[in-house]
Amino acid sequence: MSQKTYTYYPGCSLQHGNHAYEVSNRAVAKALGFELAEIDDWNCCGATEYFSLNRLPAYALVARNLARAADGGATEVVAPCSACFLNLYKTDKHMKLYPKLNDQVNEALGAGNLSYKPGTLKVRHLLEMIITDVGFDMLKDRTRRPLYGLNFAPYYGCLIARPDNVLDSTEQPTLMDQMIEVLGAKATDFHLKTFCCGGHMTQISEETAYGMIHRIIKNAVDSGADAIVTICPMCQMNLDVYQGYANDMFGTKYEIPVMFFTQVIGLALGLSPRELGFGQEFVNMSGLIDKIQSSPPPKAKAARRPKEALPMPVMPE
Amino acid sequence: MSEQRVGVYVCHCGHNIAGTVDVEHVAEWSANLPNVVISRDNKFMCASTGQEQIEEDIKEFDLTHVVVASCSPHMHEKTFRNACARAGLNPYLFEMANIREHASWVHASDKDGATNKAKSLVSAAVHRVIHQEPLQPMQVDIRPETLVVGGGIAGIQTALEIADAGYHVYLVEREPSIGGHMAMFDKTFPTLDCSACILTPKMFDAGSHPHITLLSYSEVEQVDGYVGNFTVRVRRKARHVDEDLCTGCGSCWEKCPIKVIDTVFEAGLGSRKAIYRPFPQAVPKYPIIDVENCTYYKSGKCRMCEKVCPTEAIRFDQEDEILEVEVGNIVLATGFQLFDPRRIPNYGYGRLENVFTNLEFERLSNAAGPTEGKIVLRDGVTEPESVAIVHCVGSRDKNYNSHCSAICCMASLKFAHLVMEKTGAKVYNFYIDMRSISKGYEEFYHRIMEEGASFIRGKVSEITDAAHTPEEEGKLILVCEDTLIGRPRRVPVDMVILSAGLEPRADAQEVGYMFGAGCGDTGFFTERHPKLDPVATVTEGVFIAGACQGAKDIPDSVAQGAAAAARVLATISKKQVNLEPVRAEIDESRCSGCRICNNMCPYHAIDFIEADGVSRVNPALCKGCGTCVAACPSQVINGAHFTFDQLIAEIDGIMVDVTAGALEVV
Amino acid sequence: MSDNGTFKPVIVGFLCNWCSYRAADLAGTSRMGYPATLRDIRIMCTGRLDPTFVLRALQKGADGVLIMGCHPGQCHYQEGNYKAIRRFALLKRTLRQLGLEEERVQLHWASAAEGVRFAETVTRMTKEITALGPLDWSHNWPNEDPYALEEAAHE
Amino acid sequence: MKAAEKSTLFDRVVKATPGGEALAQCLQCGSCGGSCPSAVDMDHSPRALFAMINAGMEDEVLGSNTPWYCVSCYACTTRCPQNIPITDIMYTLKQMAVQRGHYDHPHAIKFSETFIGFVEQRGRGFEFGLATRYHLFHRPKQFLQPTQVFKMGAMGANMMRRQRLPVRPVSIREIDQLQAILAKAKVVAAKEMQA
């Protein structure tokens, strides 16, 4: 199989604060046989801040990346950060939907001798790309260390599920749950899987932010998870770095590691913790490796419903 | 051709047309079109003065043809044809130009464009109309039998009204028993009388009426023909029980060893056997065997029901039966389906065990239901201490169904009453707007408020078990904004009832297609006119009644069922109906006998006459689609009212400005 | 057809009585705006559409022809629209040989409930034909126009 | 009343928001306020804000902290039964408040401005500089509180120890190109404002 190369937009956060994510993305790409080629001289996507203050420059800022990627001949671009993903996706989509905005953005791009025709690029999130293009079969096939006995709370956060549904549901997606099960681990019934991590609220109102972080962590632990799996550096940062502060505020003692999904894949592929950037996290995740069992744990028996209980609604597959 | 004298009438339709199209100019301009002897504009052509104008002009100017430029022919073609006929002009010498639906209403922002288009459409009609010929409508006899599809309350009402008038009705029902959704309900709002108590007598009447043939557990497969003479093929699915022998004694289902969850009648809360009667008052009373779950059909063993049947009525080898019935009219009363709340994952139905649907609650509260009327949690024993009722589930929401389901406000009030009466629990109603618009409904709302139910104005955002505080642990928490306070609220309760909305049946589109009834953008069957003809469809002889036409409650369904019956009885008493004479006819003197048309006809209406070497159309079978007309290589098939000459003239007329520059304002 | 240099195309529409004509009616009752470029002719079924009609419209100066019927499988006359599809394919071949652009003659479907779809189709086709410019067959075609005589008579 | 030709607050919000026309169809159901994870801290729910926009209560709307507490999670947007782009309307309101110099919640805007400053200078975000500069310059009181210094300092040290904070900012190569594009975009935006 020829090695496929994807045009890649890593985003600022992966350069430093969440370098572990970048490291594990690269390691997993290599192990799964695809390449991530950065957009030449890409710039920041503006996060949510730029759109808040100056709409048109914000679109232009993002569009510079799209234009440079398209100039490089790309037809799709992959982003591992949900915020970057959404900004790229939304800029392309809005330029397509609103011709006036398209004209204005291209007028701005013209000042840098660039132009972008919306629709040229398909903007994708790394998670969706791996699930669709690599596929569960290949992941299963390449698994060298099935993650038997581990329980993960699949945390999707906001921006991959909303506003557009690029996975299977805006409310309760299941694709990453399925991926976790393919890798031998168990995905817990984690109801707050798309509840917001607080985003930049940690910088603006600690009370608000820690409240949100605490709810997610509590729900993940209550669901029986050994670790939370994230797909966005902002989510990882909020849940990991601020976990202690949230504990302080609510008088709790949660200590649950927060992993990137490529770190989970990497573990299953048999990569070493060092190759996956372990050690940058605040809540230590190395202990998880010792929890991996050599064989699948016995299937938990479905709790027997008492005789007098009424049947549950039949759920479609 | 003798002299043609055309009258043109351009309608203002009040402001509807005149607000956009310069109608006076169009009328003035039309006066110069070929053969036009009089051209007028008029405020309302469909009003009696407008019609009388046409009649007077026909006499005074000796008009040979008439053109009215106004609304869609589907609206008023009949009106103007009748006006012509009253003045002694054959109605088929009339033509209409649609300058309202197709011009003024869609080009409001382009007045010049709309006026130009109106002129070209009038010109098209003027050019076409002189080629039109007098035609005689075909008269056909109306068969007095009627087919009613769907045995819910609307269908039962229709069937009884017609049968009581002495005419025969075939009542087809898909399920093993008639009764529909109403048979599952506990109480009915606002009077709180027992649903079964008022329905079962009607079911019994329908089942035993000498003029009603009840075809339960049956489905219509094919419909042929036209008003007055439909031929309908019905599949009677095998019950595997001989109805002539069965007495409905119940020995078979008592002894049947296989228990199955009943997802239809008991909404998944109760069970039935593999041979079963859906409910005790079912009509007809005979059971059916559920082939998918019966041991005999899986392993060839058991036959318990056969052993215990005292009349030897079990027929394992019974097969589906195909029945053909001839009817003059059809009434569709196929009802609705409930919105599936699993489509809203944030409401947790299916995941959170104490979230119930409205239908589940009806069964819980029903004394004949799985808990014998005890309102309990999913564990089957615990009485709830607090219950939330969520309105507008899947309704008034563009992500699901944008229409209002019309019944949920009142049904939710009824649930509130039943919960408070039977359990004393605290009840919260979460609503967006309270709609209590029919007789006695507002009073009912006031009564429930007085009984102590709480009302929170806010669409529920989410139902969760992720507790925030110790008080929330183990509860279902409804998250919403209390919009009257303007603050977010979290309300912990033991039980939630989702008032899921009414939506068109999943197969409404297919069913509508089979009967020639279209579905509107909400998916319900479209009535001929939303205000003035709510029970007819665009297809003559096909009527609609009940919730298949739009979400509605029991009184409205009954009223519409009776209205449909009245319409059917009116056509039956007329005995005959006029059909459009739009038919194909072959000029046999010029037919080369190539037979290309024979295979074109979807109705097999064209036969090749060996003896004469030509093809011939059977006018009783022809429906006037014109496919053969377009196919004939010798152009010798005449499609009445849509002839080659008429359509070519219409094209030439519609392009008159482009070819001759004649549309330019003089 | 063209004033002040702006080209407004003329499109002749052939709409079947049961679906697309009613879709156009629905677009009207719902007040959906679309360009005043379409001039429509009602036929009972797209199966009635004689290819001659399309050629006649183009000959008379139409810049485009839009044929609309019921969705496949939903023809009021069971299969008239299937016949239309086949004839349309043959007609397109002929038109291609005459050098006509693909966008000029189009076949689309709209059910009686699809007023939006109808309006969108007309809007889109108008845009496409505006981009192509005038066809002008009425002047390039050997013209023995019957109405030239009538016009003379009127003057 | 010809003098009152000035467009209404409602019109301006709709015009400045892609897809904003849907705002006219707000049912006032509150599913936005119920879905919002930070609604408890807002002085008005988004729904209330929309009613206020309709009523033309410009001072109250642009002075509200609501948009500044929006975390851009889009929960309201996907659940809105009328498909109103609520998150994008929040962006619009923030911009309008800034343009008017009328906002009651300076932390959020300062944070955003600091962030944007880095992006415009270097083309990349810079977390360490962002956090310190923002806290030092814009929230000095909190920053200099003993507990806070301890907390922030401890986190900074922890972050650095784990190599999660870069000490030196990174710049893109063709920063001139980016700056030209952003400058032009601002001109285009200003032109639109005037029109």
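We call the chains A, B, C and D, going by the order they appear; numbering starts again at 1 in every chain.
Throughout what follows, a contact is a pair of C-beta atoms (placed from the backbone, for glycine too) under 8 Å apart; a residue touches a chain by one contact, two chains touch by 3 or more.
On a predicted model such as this, the values are computed, not experimentally measured, just so you know.
Participant: When you take the mean of every protein CA atom shown, which chain's own CA mean is nearest to it?
Facilitator: B
Participant: Could you tell me which pair, B-D or A-D, is linked by more C-beta pairs in contact?
Facilitator: More C-beta contacts join the chains of A-D.
Participant: Could you grab the centroid distance between chain A and chain D? Build each centroid from C-alpha atoms only and quote it in angstrom.
Facilitator: 23
Participant: CA centre of chain A versus CA centre of chain B: separation in Å?
Facilitator: A distance of 47 Å separates the two centres.
Participant: Provide the C-alpha centroid distance between chain C and chain D, rounded to the nearest whole angstrom.
Facilitator: 50
Participant: Among the residues of chain C, which ones contact at least 2 other chains?
Facilitator: none
Participant: Among the residues of chain B, which ones contact at least 2 other chains?
Facilitator: Counting only residues that touch two or more other chains, chain B contributes 346.
Participant: Please output the residue numbers of chain A that touch at least 2 other chains, ranges allowed.
Facilitator: 171
Participant: Considering every pair of chains, which are in touch?
Facilitator: Pairwise, the chains that meet the contact rule are A-B, A-D, B-C, B-D.
Participant: Which residues of chain D touch chain A in the complex?
Facilitator: The touching residues are 16, 18-19, 37-38, 40-41, 67-69, 71-75, 77-78, 85, 87, 91-92, 94-95, 98, 107-109, 111-113, 115-116, 118-119, 123-128, 131, 134, 151, 155, 158-159, 162-166, 170, 172-174, 177-178, 180-186, 188-189, 192.
Participant: Can you tell me which positions in chain A touch chain B when the two form their complex?
Facilitator: 169, 171-172, 189, 191-192, 215, 218-219, 222, 306, 308-316
Participant: What residues of chain B sit close enough to touch chain A in their complex?
Facilitator: 261, 263, 268-269, 271, 342, 344-346, 349-351, 353, 357, 360, 370-371, 376, 378-381, 464-466, 468
Participant: Which part of chain A faces chain D closely enough to touch in the complex?
Facilitator: For chain A paired with chain D, touching residues are 12-13, 15-19, 41-44, 46-57, 59-61, 64, 94, 97-98, 101, 104-105, 107-114, 158-159, 161-163, 165, 170-171, 194-196, 198-201, 203-205, 207-208, 211-212, 241, 245, 279-282.
Participant: Give every residue of chain C touching chain B within the complex, in rising order.
Facilitator: For this pair, the touching residues of chain C are 1, 8, 10, 12, 18-19, 21-22, 24-25, 27-29, 31-45, 47-53, 56-57, 60-62, 73-74, 76-80, 83, 87, 111-116, 119, 138, 145-148, 150-151, 153-154.
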